[in-house]
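In the two complexes that follow, subunit A is the common piece, with subunit B as its partner first and subunit C second.
So, the complex of A and B:
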């Protein structure tokens, strides 16, 4: 066996520190700073990758590998380490036994529910007793943005009034998805200020979502848990188009249009 | 549309941005008063605030009739959260700034710091104050004397003062939950409820003793919460006494059951022998409650916008035969139709208080559940619906099977052994529901099994608040209930076996090494 180079921090300890550091990093960023717990199963999966990766890096060269296992070998083989060995031989089996015991206990973590936030919309859908074709559906008021800005402004304002009376409880009066009742709903109401929602969508998609609500979603989007109301029951067709104008106007975003595809 | 990957990337970027914002926030110091310009404020106000507060600042925005508390009428000049002396209506600029920046928890008024710059908010302060022609700073501020730190002794003194001559108990009740003795109104004529002091997340200011001191000293203008620094009040408190009361109220604020967002599972322990037979059985103290937010029903017809309660706490236990679920929620009024006292406190017509548990008839084995609003055609739900007693009528429990709100079958609760028993004390309802684990009508009733995650949802009605009835109620969406299986001997046995195997392996390795050395 070649004698290991002297290092300030032995390789084995380095490995342990790296893995521990990544783990604490995850906890710090997600649990502490962002306040969103990562599901345990996900964290375990990440950590398996991290450990495998770290071991691969550390054992990349023959020398590195030997240096890494050096301390372990020495522990088992070096007669002068008898006492340490005895202690380790007691602790390691106990830990392994405890790990098996605790992982066999039934878990109480809620099942993780995955759902598609923006499912592919249907080509056609029914609302207000008629059929709409999403490919050709357009906001009848959008043209006034250029043609008659004063009228457009008025329409946006009407949309705003509809929004504040009907939508702000959930989506928030700042359109940030943090309305007064948002915390009591799962999935949470969507944040329209976010670049990942309405800015990615066409107005026709929004019309479909607003008119048919949670129950109008396809199965992969878990319609049974969405609290988004079915607005064709409460609002007229015109009112939905106006509220859509308001959503884009207030957030300063532009709807996606076919021209860009 | 390939939005999904994009969404993921965005979510990560978003979180990074949030992180930066958070650290920036930590570094920013306290807000320093900067003179704002009313003219600039008007521009921002017209874009962001008119929806609720109205273009004229009179609170008559489009949202007015849907909100309780209603948006503030700035022309009236009342500010709830202010630190100027009680007889001076004018708030300080910092007071108004703070409400705009942080918002008012428990109301529709959000904090604006994430959307508006600090200068924007100072400009708004100047504009908002101009509605009541407040152009000078307040003449006199609240006198804090020398603050009394919280201690067991101070809290004890505070409790006495709180209860003395019903000083605060008159409105807030002995428990602080607000079980009141009279109807209260706000300056807009709206119904107001005394704050539930055990729920700090609903304090408009904060539950910090200094903030509570300020509210007790100045009162809450525009509501019936009086000033206790007013020398004309026969319940006046000295500065020192006010600190004791503030320390006591801050301790009450810690006594509530806040929602833990990641705790979404009601865990039912298995017990040997009898289940607790009443809601106040001592054994319930050992079961940990899980608390959920309740929101008003604003999803289906007819919608409801003015709730008076926002949480429900649930505990459960089971034995070989049956499951017991204890529901606990705060309600300031015991609604007894026909009772004169209860009628006086209620918004007519007074109806019973009620609570409901919703469970799927078939425990789902995959992700798909019944629609959370009373099930759907293919996925029926059971609803256990308890109703409080009226004058001359007894409390009752109903059993419903429903496939959406249009297809509801009323069934006989007694026939499947579903019972309910309630107790009301000091602003809190506790309702115990018990049902056998299995029933004979297996296609109509949920059959409880150990170790499975069972979707469960709740609803509650306060019959004194705005005639909550039918679809007008508070509710939750789906959460989970789990009947914790008894553990048994297997984990322990397996753990021991693994420990022995590992120990054997290690010894074998060690001996092998020793032999090689020799």
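So, the complex of A and C:
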């Protein structure tokens, strides 16, 4: 093999720079350029894989691996590096100590919740004094979309009116979850424009969530602090189905279904 | 063949034949003994085997499964009880033993060993066939060594299976009784198949050196096929009980069985699980024998041993990767079927509490792909021509890592309160789009294509194409990869985000097809381009850093952990049901444990399994040692 060539930037430093660069890159792109910060829990996971990937690239050849660990070995073994060694051996434990200290320090931040936003629905549920089977429940108006488009349009319009009268305060007049009350609520009202909400759900699921509201959430969606009202107390069954038509129609999304066209 | 081996062989065959004959007569006799009281249970063991084997006639003719006599359909349901309604008092307790954890761990250990034992013969069969086709003895030796490792694992599987049965009868007697009544025919078939599996496995293994050359080798290969047939049927039957508990069939709402065993076996989720498990098991088996090769490599004393085990590790890793590539698709198919069977189960799985486990799953699968790729890259060091490809590896790494970041970006982010405020809601405007299926599908296809690229580079590292059209061939391949990747991206982005769910799900199919087309066409181009290619230098098997062997270990450990985790998820989504919506679990343990707790149980299982596997590996080294101890035995004066 050819002898290791001298590099302008040593491999170990290259590795550190790559990792640091990616890290700062994430922060730059999300927090600064896009204005939507990157959550710390996610960034940590991202970095674990970035570091793993970088180490793999730097060590898959024998020479690469030697070059990488060479300086570390030298630091520990080389008598001429005594001073650097002493400094490193003081700084590293101090850093570790600082890390432990700061992570043990009590804070005022509420603990992170693993709240489930879309909990599994029950098989059956009760509303309007009836029992509904979620596996077979369908929107009775959906069929008009094909059979009678004019009537369908009318129904969507009625749904829109119901929405503006009841829902926009929280879910927003653009259905983006930014209604006038939204800022004061936690959990925040959901954004129906997002690909991750109604576009992933069946209409029967929406019916269940709207009819039973926050108090109707099952155990796994704890803590039960959602402010979503129990709409079966205020709206008729038909009105809920109409507002569901409106939600999908306005956002241009299709309810989840398994029936092919 | 050595004389003592022959003696061992004949003894084994005699034992096996005896056991077999005994098993068959027992299977024939038992139903009449056990159920002499109720008339519908006239099914004899052969009929049960027929229904288990899934002969073409059975699905269309439901009554056929209970035997040829139509009488069975005349008075069906009457003799089957509804699912019992239990209270906590109906579950026996043993002081100091947590019934759920005990059964959970034993079942999981049984499954790990079972998966391994079912999988290895599949590729042993292929390796043996390759050996026969190429007449390269090394393949035959490797196949033999693989099967040797399974022998000990096989007895552990049986032991754990017995223990599991005991655990179920002890701790969940009513559930066991209920299932045993519905599946009694297939349980006899299971017992029969189990004996058949033992018999064929032992003949296959002990007869390896005896059945060599000419027709005998063909007989041996046929035995290998038989072994696989029996092993797979065994697994399919066991899967039937598992899936019945998730998606029961052939029972009414109260759990009364209507007598149709085939329908109960062929329940909604049976085939999706069968497919996923067969593929996953092959990958898993490959990774475990890879760990075996790594173990031997690291403990090897001589260079030729190192070379041998390096080669073995390479082949094992190849098997693991080959089966790993289709796995994500099988996984998504399984999930889609679970969703289609029950929205509730589907959401529990992917949207509810278990969703967090899929993040761990994604991380583990990441570890699998990365370690498999790393092993390939390290392996390029065996060739002197690899330096030409080394600089390109970093680009592959960038894509692999990038695809991973997309693959495990969760749908629901874990946010601190200040982050929640900063974002204005639980959804991230940009990262949210990465949380749903179309993004993941696209990422997985990238992952697979680039893993394949790693393999392509590995293959080429030591070769120089001599055909005149090499440059054109390369250009064609570059074009193929580029076009394919663009297609995958467009399919993912356009259909994934701008159409409804039906198309979203449907778009994943052309994505997979694109990936397949890339892999197949470029393999074909490569095969022609490198036909008669020049070797740079002979490959140096054994010139492999020790680091790479740890990648093989990581592969096996991640796989084991992953399997345990997913097995838990699969079982956990039934929630408080023994049999979904039919038979309620009223034991004190019927709640869904916390994620940390579940993960700990799986970890303990993984450690136990790894310890047992290392024991098996160690046994295989011990059996090869024959030290001569002087002065112990009396000198024989011949």
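Things worth noting here:
Heads up, the rule we're going with is that the second predicted complex is superposed on the first by the 175 of 261 C-alpha atoms of A that agree within 3 Å, B and C clash if a C-alpha of one lies under 4 Å from a C-alpha of the other, contacts with A are read in each partner's own complex, and residues count from 1 in each chain.
By our rule, a contact is a pair of C-beta atoms (placed from the backbone, for glycine too) under 8 Å apart; a residue touches a chain by one contact, two chains touch by 3 or more.
If you're wondering where the values come from, they're calculated on a predicted model, not measured in any experiment.
In the superposed model, A:196 lies in contact with both subunit B and subunit C. Contacts of A:188 after superposition: subunit C is touched, whereas subunit B is not reached. In the superposition on chain A, contact of A:100 is made with subunit B only, not with subunit C. Once the two complexes are laid over each other on the shared chain, residue contacts for A:204 go to subunit C alone; subunit B is not touched. Legend: residue contacts after superposition of the two complexes on their common chain; A:15 is shown touching neither subunit B nor subunit C. Judged by the touch definition given at the top, the superposed model places A:120 against both subunit B and subunit C.
When the two complexes are overlaid on their common chain A, residue A:74 makes contact with neither subunit B nor subunit C. When both complexes are overlaid on chain A, the residue A:27 reaches neither subunit B nor subunit C.
Contacts of A:43 after superposition on the shared chain: neither subunit B nor subunit C is touched.
Judged by the document's definition of touching, subunit A residues 34, 37, 109-110, 114, 116-118, 120, 178, 186, 194-196, 200 lie at the interface with subunit B and also at the interface with subunit C. If you check the complex, the residues on subunit A that touch subunit C are 30, 34, 36-42, 45-46, 49-50, 52-54, 56-57, 59-62, 65, 109-110, 112, 114-123, 134-135, 177-178, 182, 186-188, 190-191, 194-197, 199-200, 202, 204-205, 220, 253-261. Residue ranges of subunit C in contact with subunit A, taken from their complex: 339-340, 342-345, 347-348, 351-353, 355-356, 363, 366, 370, 373-374, 377-378, 380-381, 390, 393-394, 397-398, 400-401, 404-405, 408-420, 422-433, 435-436, 497, 499-502, 506, 545, 547, 581, 592, 595. Of all residues in subunit B, only 1, 3-4, 6-7, 10-11, 14-15, 18-19, 22, 51-52, 61-63, 66, 106-108, 110, 112, 114-115, 259, 261-262, 264-265, 267, 292-296, 298-301, 303, 305, 310, 367-372, 376, 379, 451, 453, 476-478, 480, 482, 484-485, 487, 490-492, 494-496, 498-500, 502-503, 506-507, 509-510, 513-514, 516-517 touch subunit A in the complex they form.
Of all residues in subunit A, only 29, 33-34, 37, 76-77, 79, 85, 88-90, 92-94, 96-98, 100-102, 104-106, 108-111, 113-114, 116-118, 120, 160-161, 163-165, 168-170, 172-174, 176, 178-181, 183-186, 194-196, 200, 215, 219, 222-225, 227, 229, 233-234 touch subunit B in the complex they form.
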